[in-house]
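Letters A, B, C, D and E mark the chains as written, and numbering starts fresh at 1 in each.
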């Protein structure tokens, strides 16, 4: 299913460790945005390729290299050599169907996770894989497409007094993570609004789309759970990993973020339960309405079907038909009819049918 | 969904750590109530702002500062400086959409949790975030609104012989926690009464609102579970945390409270199961009634529809119609009719339809 | 809900640690039964109050003090002083809405749990809180009411050769626990018999009470699970607690008892699953019957409603009506009627409706 | 419920540790089969009672004593004295309603578990408790009845070259366990065949027994889960217990067996899920059929009921009735009738009812 | 059930440890393919039997022996002797109904797992057991049948520059594992596509096969969960086992693979949830349609059944029938009829039936 698992068949028969791009190419030419900054200075540039000259890997401040478009295997390989990235990590970057993942090597930590956003036009959740590689003096971010949720971070870096400028590469990595998690929360809010919206409609009577919407919400929540739950586990590695490049003094930020993710998972569970309950209630409501409909039908049919037979009898054309000639037959007919109606109504009332 | 997750969008693009108030302003001007006490003396005052002169942070007894209304960022910041509160904690105080949370620093422990109450007028649960910060000689409590569940604690402090007066700041913090947990229990009792009330009504026949009420109860119980479960985890930190300012001799109080929370969660689970069972039974009841209704319909229709046809036949106007002239046709008609009725009743009886 | 959570509102605003009785007073005046025994001698007496003279707390054998009726706060306080019981434990004794609980202090271990019994007259489970306090040379038991499940233990103590007489206070505490757990098992048996009884009835057709009984069984099993599960956890503390007064040589008895409780929980789970399955099957059965009923209705109605129309046509009084005059119309009418019946029966047969 | 929990009431009021037989006596007189063997020799005998003379407890090879029928308390007591069995274990042997259990004492290990078999005649699972006591040089097996699943083991022992003869008592105990677990697997296979059999039938239309069979399968699987899951836990004790008499060199056999039990539990879970799914699908199928039935009914009724009214109108005998006299009334009647039929068919087609 | 548990009855009564083939013979004569390679040389040969001459167990490079067809017990025994395989492992190889399993001995590690593939022709999952035995210088693979998913690995080995040639036996074992796990992912993709396909169809109206397909998907996903979950556990042993022959430098490959398996299990859970949701929604849809059908029926029947009775009344042939003679009876009849229709439509509209 394209939506949740990407086509791995391309790698079938390949030696593990071969660099192959798995995913949809979402951008024509890769774009590389570089920010080099320390407390005093800030240089921004945009490159078209990676080579040692262009990027100073020995710079002492923070160098943030943003790569948009990861289908260019050559470029990824060059970048790997330049920053001494582990080959298996390169492979993971290229495979856009990853479970959120943390990798720590002596000289760099890597986080692979998904940017989740709600595409209002298509009315669906879009997932884009992002890799954040944190080195002693650099942060590498690799995006599938050009969509850029990190512009506010860039804006803050441009402000000389911002915390980002006063801190090192690990703070930048944290700020990026924080932005990604904020996007999760905003997405969950959007889903939450849809859940609340449904809440009123399940009690209204004529809404054929409800089952479909409940299914879509359930699928979205299942997908969110699958996507965000591993992020919670991953956060814990950031503290505990032997080679963590995050500084102790910034641990409380990470802890805070990790608690936000746990909160998000709690809320996803809450919504999942609510949507399941909505479906149960929707069904109970359908049942309850059906009961009402059937009672109406049964009352009408049970009263008038026997009466119709009764009237039919006296419409028969038998030549020998004593009642026909009897003068009080017609008034008697109405008397019997009315007493049948009354006693059936009494019978239904006693059974509390109306 | 406003009810369960607050609008975090306001913080989007902000550097983490910026102080922004997230929530609804529930009070016009913050009110600050201060109690300074030790075994011998008690001073109560009400302030309009926080400044070093007004509050003696070096006092040796217990200083309890109650702040009602937390939307005034300046005031919060001043308070933070005065009591050396960690900046990230300040940020958490201002964000009223927190998961229950415990934070310990060397010089203060903080608890963020929710006061849950049942608003009978609105027939809904209200949640208000409260922060309790425990220092060596002070307790800070920060409320969203003016609603005050701590008045009984204040009353006890005014009594010179109360335990509160004989104990230190950690006992006060415990007494406040105890009050909050008592409110949880009272809330659960209220829900419990609603659950018991429903119990009888699911077996009554004409109650269109049941599905809606079951849904509301389920949502409330889901919300309670989400809100109270983390409080149970949080309690454990109070014992185990390295920097805990709670004194060993008061640990049995905390343990008792923690067990009460676990008990509360057990009861929430019990009620959740009961409400789920009620929904299942309600559905089974609807099904069972439908069966009854359909059996009545089917018996009436199956008997009288064929008979009506039978009567209709002899109402036809064909000019050649031998039975019409036959003298015993009419009595024979009734004979056949009655034998059809009897054999169908026999057929339905055998199938145990009535 | 009175049944599962007692009214804690009484304690609202009280300092934690105040002695307040929470529960229903089930006995007019407390009764105190004392047994003092060792291998050689046995003294039984019945007291009306607790005071040092009456009870020899320094006796070297085993002193078992049974208190029936715990609403007399003064008496509880006196007892507390006499046996040096921790104040918080006194508070727990008075609050009859406790989760099963274990408390160990250096000089006494306490177990608070519920005696569960099935009241056949009221057709409901009754729960009564019991506190067992084990000291070096005494056992204190505090009952809510006069109902006495411990008489057989007393009987055994009266027998000079019984194990109880040969052992110390911890064995007595174990024997009491054993009696309580035996009562759980008997209760579960009773429920089990009800579950088995239902088993046959869900397949019978006319049983309007089944849904209600299933709901009651589910509620009872939920309540049992909530009540007995913590007893399993509690048992483990008896082995592992630092201050356990149970002697190592009697650990195998405790282990056996603990396994019995786990077994009980297993059986409760089994019954819960069975009752849930019964509800599912009951619903499936209702559905299946409804199907049958609807097929009967549909077959009758689909055959005879069109035929009635057909007969109705030839009952019309149009002056120009060619078929009416035609001699073979009437036999032809029956021919067509029969062929309609046959082809509809064929149609329903093909769809496997009967 | 006799099926799953035996009547413990018999022990009510008894001192724990008293020897009482709980269960159904399944054999008139106990039978005792003894095999004494070592690498070289094999002696088989059948005894009627246990006494020191008959059984040489000092023999150096392996002595396997099979006792069929455990209701004779005297015999059990004698056996207990002879082999120095712990009194609590004797009590467990006599109580045939045990959770699978492992007990280790310095001089013997005991396993209490159930032999589960499928009784094809009664179409139900039979459970029989078996106790295996492993000593340094003996193995005691205690059966409730005469049914003997261990004959193949005996046959192998009779073969001088068999592994059993070359090994010691722990290997014999393992071989017996292996036989018991094999029986579990065979039982699960039997259930599996029933599950597969049902699979096809839930899609067939006329099968009133399905709900009942699903319920029975669910109950059987619940019972198997409850019975076999603790055996998995128990296996682990065999490795880890301090006093384990199993030899290290045979641990891989135990590990293999333990994995087989885990596999069995997996398969039970799989079948449980399948049966639950079958019930859901069966219900969905009933719903789907009901839909079909109701559509047929509604189409017939909605077309012909209005037409019958229409025909009825022209069967009225009003003296002033202009249409009656009109020459084209009758052909017009058919025209209108046909157009009503056509437009209703069109209406139902548009709603995709057929 | 043949599909999920193989017939173990064959081993009943056999001593554990006897070599018996359990499974279906899938190939006539075993085929043995051997590859002996090191960095420089590569020898490929195909044997018909195993004997010391043919296979050089002392070779220093890597010897990969592929055995297709494992029903020849003699051959397996010979192979066992040649490579000093533990007897219990030989037994496991022959029993094709194994839970995925890891075994480590000092001189070899063994993995038993299943190759899962989707057989498009039969539209079902096929499982074939494979054993991989890793020695210091050899890898043994034992297949049930001739189907060969390892050809791509062989192809890579033939390439002198491939990683396989540059590495040792543990890398080959890893490459084989990788191929197997890739097949799992491809299989899950196939299932995923079926799940997505169903997604649209549950909302379409006429699809009688949906319940059956949902059941099949659920069963397949249950089977996948049962098969793949233990593989995740097994992977962890590869790192942690004491005698692991995998080299530390290749651990990151194993870690990567293990994460892929965890990802696969996540996706299986996601699909399971989706399919369960689909069934719920399908049922809700059926209910919703039934409601609609019943409303149509009830509206038609409730309007026209009373009217038919009304018309029937005036078709009666009573000789004394005053209305019949009245001139405005017929127009009045229509007036009453229309007002009944209008008021019933108004009644149904008010109840929001259409």
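A few comments on the model shown:
As a working rule, contacts are C-beta pairs under 8 Å (C-beta built on N, C-alpha and C of every residue); 3 or more make two chains touch, one makes a residue touch a chain.
Predicted, not measured: the structure shown is a model, and the values here were computed from it.
Fewest steps needed to get from chain C to chain E, stepping only to touching chains, is 2.
Superposition angle, chain A onto chain E, using Cα atoms only: 70 degrees, a multiple of 5 between 0 and 180. Two copies of one chain, chain C and chain D, touch each other, and the residues they use overlap weakly: the shared fraction of interface numbers falls below half. A separation of 41 Å divides the Cα centre of chain B from that of chain E. Work out the mean CA point of chain D and of chain E, and you get 26 Å between them. Touching two or more other chains at once are residues 283, 287, 290, 294, 297, 301, 305, 308, 312, 315-317, 321 of chain B. In ring order, beginning at chain D and turning toward chain E, the chains are D, E, A, B, C. On chain C, the positions that touch chain D within their shared complex are 152, 155-156, 162-164, 174-175, 178, 182, 185-186, 188-189, 192-193, 195-196, 199, 202-203, 252-253, 256-257, 259, 262-263, 266-267, 269-271, 273-274, 277-278, 280-281, 283-285, 287-288, 290-291, 294-295, 297-298, 301-302, 305-306, 308-309, 312-313, 315-322, 351-353.
For chain E in complex with chain D, the residues that touch the partner chain are 1-5, 7-9, 11-17, 86, 88, 92, 98-99, 101, 205-206, 208, 211-212, 214-215, 218-219, 222-223, 226, 230, 279, 282-283, 286-287, 289-290, 292-294, 296-297, 300-301, 303-305, 307-308, 311-312, 314-317, 321, 323-330, 333.
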